[in-house]
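Shared between the two complexes below is chain A, which has chain B as its partner in the first and chain C in the second.
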Partner chain A sequence: MRIQKVDVAVVGGGPAGLAAAIAASSGGAEKVTILDRNKTLGGILPQCIHNGFGLHRFKEDLTGPEYAQRFIDRVEELKIEVKLETMVLNIRPEKKILAINAKEGIFEIEAGSVVLAMGCRERSRGALSIPGTRPSGILTAGVAQQWINLEGYLPGKRIVILGSGDIGLIMARRLTLEGAEVKAVVEIMPYPGGLTRNVVQCLYDFDIPLFLEHTISFIHGKDRVEAVTIARVNEEKEFIPGTEKFIDCDTLLLSVGLIPENELSSSAGVRLDPFTGGPVVDERRQTSLEGIFACGNVVQVYDLVDHVSLEGDIAGKNAALYALGKLKQPKRLIKLIPGRNIHSLVPQLISGEDMTTIFVRVKTPEKSVKLKMGQGIKEVKKPLVNPNQTLTSTLSLKELVLLNALDEVEVSIIKEGRE
Partner chain B sequence: MRTNNVLIIGGGVIGTAIARALSRYELSITLVEKEVEVGFGASKANSGIIHPGFHDQPGTLKAKLGLSGNVMYDKLCKELDVPLKRIGSLLVALKEEELGILEKLKVQGELNGVPGLKIVKGEALFQMEPNLTKKVKAALYAPGLAVVSPYELTIALAENAQQNGVKVILDAEVKNISSVNGALKRVETKHGFILTDYLINAAGLFADEIASMVEARNFTLLLRKGEEYILDKKTADLVKHVIFPISQKETKGVLIIPTVDGNLMIGPTAKRIEKKSDLSTSREDLQVILNRVRKLVPQISSENIIASFAGIRAGSEKGDFIITPSKKVKGFINVVGIDSPGLTAAPAIAQMVVDILSQEGLKLRKKRDYQPSRKKWIRFRELPSREKGRLVKKDKRYGNIICRCETVSEMEVIEAIKRGARTLDGVKFRTRAGMGRCQGGFCAPRIVQILARELGIKVEEVTKRGRKSNIVLTKK
Partner chain C sequence: MDKTREIICIICPLSCQIKIRVKNKKIVSLESNGCRRGKEYAEQEFYNPQRVLTTTIKVKNSDSSPLLPVRTDKPIPKEKLRECMQYLANIEVETPIEIGQIIASNILKTAVNVIATRRLKS
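For the complex of A and B:
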């Protein structure tokens, strides 16, 4: 078997991996290689032909492919090696990567450091155990997007969408523009899962009904989906009898959540966080294994691609330093613990040595609250927090000095006016 | 028109096993199946267990054929290149009062001829299954239980039968059968008429309808639906044996099954149904299954479910298999009421049918060129790296991984199509592409396109499992 030596190997060529590879190369790593199983770079972005990308990073409103292209151009300028249609099969803790493609067959890469940027996958029907039959015409929103935007086929004509995550909302609009009839978007929570701007621009502007606190109680159809029954749910998420509505349709799209793709990480022995579903990382995005870094949706599902590429910058820069033998390992790490109304946070560990931005996702929407860290270290007012939006908060040096006295710090959302 | 010696109705595990068993003789044999591929009935939707044989009442066909079928599996799977794992089972008692039931089942098994049965308890038991609840008092260990992929087996049986000259006609529902003066004449499908001397009814769930086309039917089918749920491979290590509960009912209860492919499966339930098309799953049954299996292995969680399905057991009212020639219409043989352990018994049932045919006057002359071995399947994911590398050198299409969860290459998908797959499910059952944790999210569009390309049809024409189960509806 051939063995190739590189300084930094990046697994996944989406925005996270692209940004990481660019940062690693700019940071002095000589040989940087991106491995991706797709035919093209950009991860999920090539199929996201809508706009709304890059408002933070580029101060411009770009489409997904345009956003990706900015990074791809830079990758070419820096002469970063790219291996496409290449599947990584296995990563070992000693930073050896086993991969396969049609051109080179099976080969191993020995890397100075590794960046995990495998993104996430969509939750499928099986994971929800939706009752009913198993006809064709049930697919995830991302797969529908791929069919329409990349392959040029319409998966169905009369559509019901379960879940109001961003992909589902965007697809409601896309399908309508393609001439399909979107009969309903059904959401189990009392609030939509996606960004508010997407709810307005993708549903309200097209008169597509949104059923909150509803879910699908039965899928009908033998060969192809023929209808779904939806029902209102109570607080325990159980169907409320008598609230059923029968909706005639030929397709059910699922937009019911994303799962960080961490099979490679966990088989390598990287520690995972049960709340994010991704690796536990410190502020340099180093995982529990020295020299293995992670960024983007593999770490935590982000709402904005700009957070993803920002994290890629951090991981790439530190991966280069590590490969060059210049990364100082922190003396100690302080644990950030999710407290009241915090679903998950990244990074989970901080050294307290450098200024750091933390990304927080809340469990339920709340108005007039404060994001609070530890006792009297930091409190920031937030008029509104929402599970579908990542909160960011940057720790100043002064706050870090205060933190340094501690081993762990709780991060929580508190009601304003309460201590 | 040439008259067949034997026509088999139904391409489930029973029909295909009979076809293969007969294919070693100089005969002209046709099998007709109403679906677009074989194995799409009960034979794809069961627990995949080759039962050890202590569950069934001594003296029944189920006990006799179940036991002899079990013993035939090693050779059968080797010849057909179908994976089989003899993992054994533990039937567990949670209460002191149930210990007597273990003893009784042990004696029943021994009367049936089941080897190696043993009662285990304490340290020895928990060493075998560390995740079993400590409330378990004792268990009946049966080393002979095996697991198999029932659809791979059915497909392999059909493939090998075809290799040996059996004609398989798919998408051919039998609509009518005519007999004159107590002698069979012809069988009608949408493809025309087929003439035959002997006719075997292995139509599973629809065997009653087939029998009624021939004569006044003398049996009734009793339908019981079973739901099953499949868990992510990361839970595979929770148990190593099939875990049976003590079940007071006629079924074997809700089980925990480590499948031959390395997943965990939980189920099945048993609900009486009337409608043959009722293959839906429900929240109630899921809850029942979770409650029951968690009593035995508390770590099992609904969070790890990746897929579900339901299958229908078409048992006979009297509870045993019915395998008999008709007294009124010569050459007509019913092989009906084949519910569990039908998969287990399939090879023995096939042998019994061969014997019946011989008694009924069919001349059996062995073929000289009979080929019991099916052409090998390359399971790319299971090969060592070097072997993988060698294959990619030989054909680049092995290097193109189509299903990322189960590591299935483009070449395997093409081979599946070459060997009979016509649908997305057909590819899935042969290669496992789409059976992993993402359930085909990533690979389905790619496989649909390979199917279209290889079969020379339009992408819109590709279906999940035939008829109107198209994947995409229109080209933009």
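For the complex of A and C:
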């Protein structure tokens, strides 16, 4: 088997991997290689043809393919090696990567450092257990997006969408404009999963009904979906008898959440965080294995691609330093612990040596609150927190001095006025 | 006769539900907006709601990608979205295509162009 030596190997060529590769190359790593199983670079972005990307990073309202192209151009300028249609099969803690493609067969890469940037995958029906038959015509919103925007197939004519995350909302509009009838978007929670902008511009603009606190209680149809029954749920998420509605449809789209893609990480022995579903990382985005870094949706499902690119910059820069033997390992690491109304946070560990931005996702929406770190270290007012939006908070050097006296710090959302 | 309508502001995450009262197709009063930007937004949404349209166009000669993603270079009036889609359904393009290349100019006399958002090599 051929063995190739590189300084930095980046697994995944989405926005996270692209930013990491660019930062690694700009940071002095001579040989940087991106490996991706797809035919093109950009990860999920080529199929996200809607606008709304890059408002932070470029101060422009770009579509997914436009956003990706800016990074792809830079990758070409820097002559970063790109191996497409290449599946990474295995990563070992000693930074050896096993991969396969049609041209080279199975080959091994020995890397100075590795960046994990495999993104996330969609939850599918298996994770849901809806009663009823198992007909065709049930697919995830992301797969439907790929069919419509890249391949030119409409998945159906009369559609019901389960879940009101942004992908589902964007697809409701897209399907409607392409001539399908979206009969309902059904959301189990009392509030929509996606951004208000998408609720307004993707549903209300087209009079698509949104059923909150509802879910699908039954799927009908033998070979193909013929209808679904939806029902209202109570606080325990149980169906309320007598609230059922029968909606005939030929397609059911699932937009019920994303999970970081971490099979490679866990088989390598990288420690995972039960809250994010991704690797535990420090502020340099190093995982529990020295020289293996991670960034983007593989670490935590982010709402904005801008955050993903930012994290790619950090991981790539530090991966280059590691490969060059210049990364100082921190003396100690302080643990950040999710407290009240915190779903997950990144990074989970900080050295306390450098200014650090933490990314936080909350569990439920709340108004007039504060983001609080430790006792008297930091409190920032937030008029509103929402699970669909990542909160960011940057720790200044002064705050880090306070933090440095501790081994762990709780991060929580507290009601304003309460101490 | 006065009518009331609610407009949800999308300018910031607070999502204020702005209440407007309408008389003779004009806004006569506006409340529950958290700030000035909400007033401007509600007026724009009431008098002339506009949206950026993104969609795809058929590519004649490409074996790698049968579709080209496109967008309007400025927002167009909301009520023209569907008409615009119909117009674009009949257009076909040939590679090579550059990002920003005009695919349809002055669409439906709106003074807005439809431009490519992806590079397709020939």
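Assume the second predicted complex is superposed on the first by the 419 of 419 C-alpha atoms of A that agree within 3 Å, B and C clash if a C-alpha of one lies under 4 Å from a C-alpha of the other, contacts with A are read in each partner's own complex, and residues count from 1 in each chain.
One rule holds in what follows: a contact is a pair of C-beta atoms (placed from the backbone, for glycine too) under 8 Å apart; a residue touches a chain by one contact, two chains touch by 3 or more.
Note that the structure is predicted; figures quoted are calculated from it, not measured.
A.B. asks: In the overlaid three-chain picture, which partner chain does A:12 touch, first (chain B) or second (chain C), both, or neither?
C.D. replies: neither
A.B. asks: More chain A residues touched by chain B or by chain C?
C.D. replies: Chain A has more residues touched by B than by the other partner.
A.B. asks: Which of the two partners, first being chain B and second being chain C, lies in contact with A:205: first, second, both, or neither?
C.D. replies: Second partner only, chain C.
A.B. asks: After the superposition on A, what does A:106 contact: first (chain B), second (chain C), both or neither?
C.D. replies: first
A.B. asks: Which holds for A:347: it touches chain B only (first), chain C only (second), both, or neither?
C.D. replies: In the superposed model, A:347 contacts neither chain B nor chain C.
A.B. asks: Quick one: is A:312 in contact with chain B, with chain C, with both, or with neither? Answer first, second, both or neither.
C.D. replies: In the superposed model, A:312 contacts neither chain B nor chain C.
A.B. asks: In the overlaid three-chain picture, which partner chain does A:250 touch, first (chain B) or second (chain C), both, or neither?
C.D. replies: So A:250 only meets chain B here.
A.B. asks: Tell me the contact category for A:278 with respect to chain B and chain C: first, second, both or neither.
C.D. replies: After superposing on A, A:278 lies clear of both chain B and chain C.
A.B. asks: Just checking: does A:296 make contact with chain B only, chain C only, both, or neither of them? Give me first, second, both or neither.
C.D. replies: In the superposition, A:296 contacts neither chain B nor chain C.
A.B. asks: Counting only touches as set out at the top, which of chain B and chain C does A:43 meet: first, second, both, neither?
C.D. replies: neither
A.B. asks: Identify the overlap between the chain B-contacting and the chain C-contacting residues of chain A.
C.D. replies: 148, 151-152, 178
A.B. asks: Under the stated contact criterion, what part of chain A meets chain B in this complex?
C.D. replies: Chain A reaches chain B through residues 1, 37, 85, 87, 89, 98, 100-106, 121-122, 124-127, 129, 131-136, 139-140, 142-143, 146-148, 151-157, 178, 218-219, 222-224, 239, 250, 263, 266.
A.B. asks: Touching residues of chain A toward chain C in the complex: what are they?
C.D. replies: Per the touch definition, chain A meets chain C at residues 39, 46, 49-51, 61-63, 65-66, 69, 148-152, 177-178, 195-197, 199-201, 204-205, 383-384, 386, 389.
A.B. asks: Within their complex, state which residues of chain B touch chain A.
C.D. replies: Going through chain B, the ones touching chain A are 229-230, 234, 277, 279-283, 286, 302, 305-309, 385-386, 388-389, 392-393, 396-401, 404, 407, 424, 437-442, 444-445, 449, 459-460, 463-476.
A.B. asks: Which positions of chain C touch chain A when the two form their complex?
C.D. replies: Chain C residues touching chain A: 8, 10, 13-15, 51-56, 58, 64-67, 69, 71, 78, 81-82, 85, 99, 117-119.
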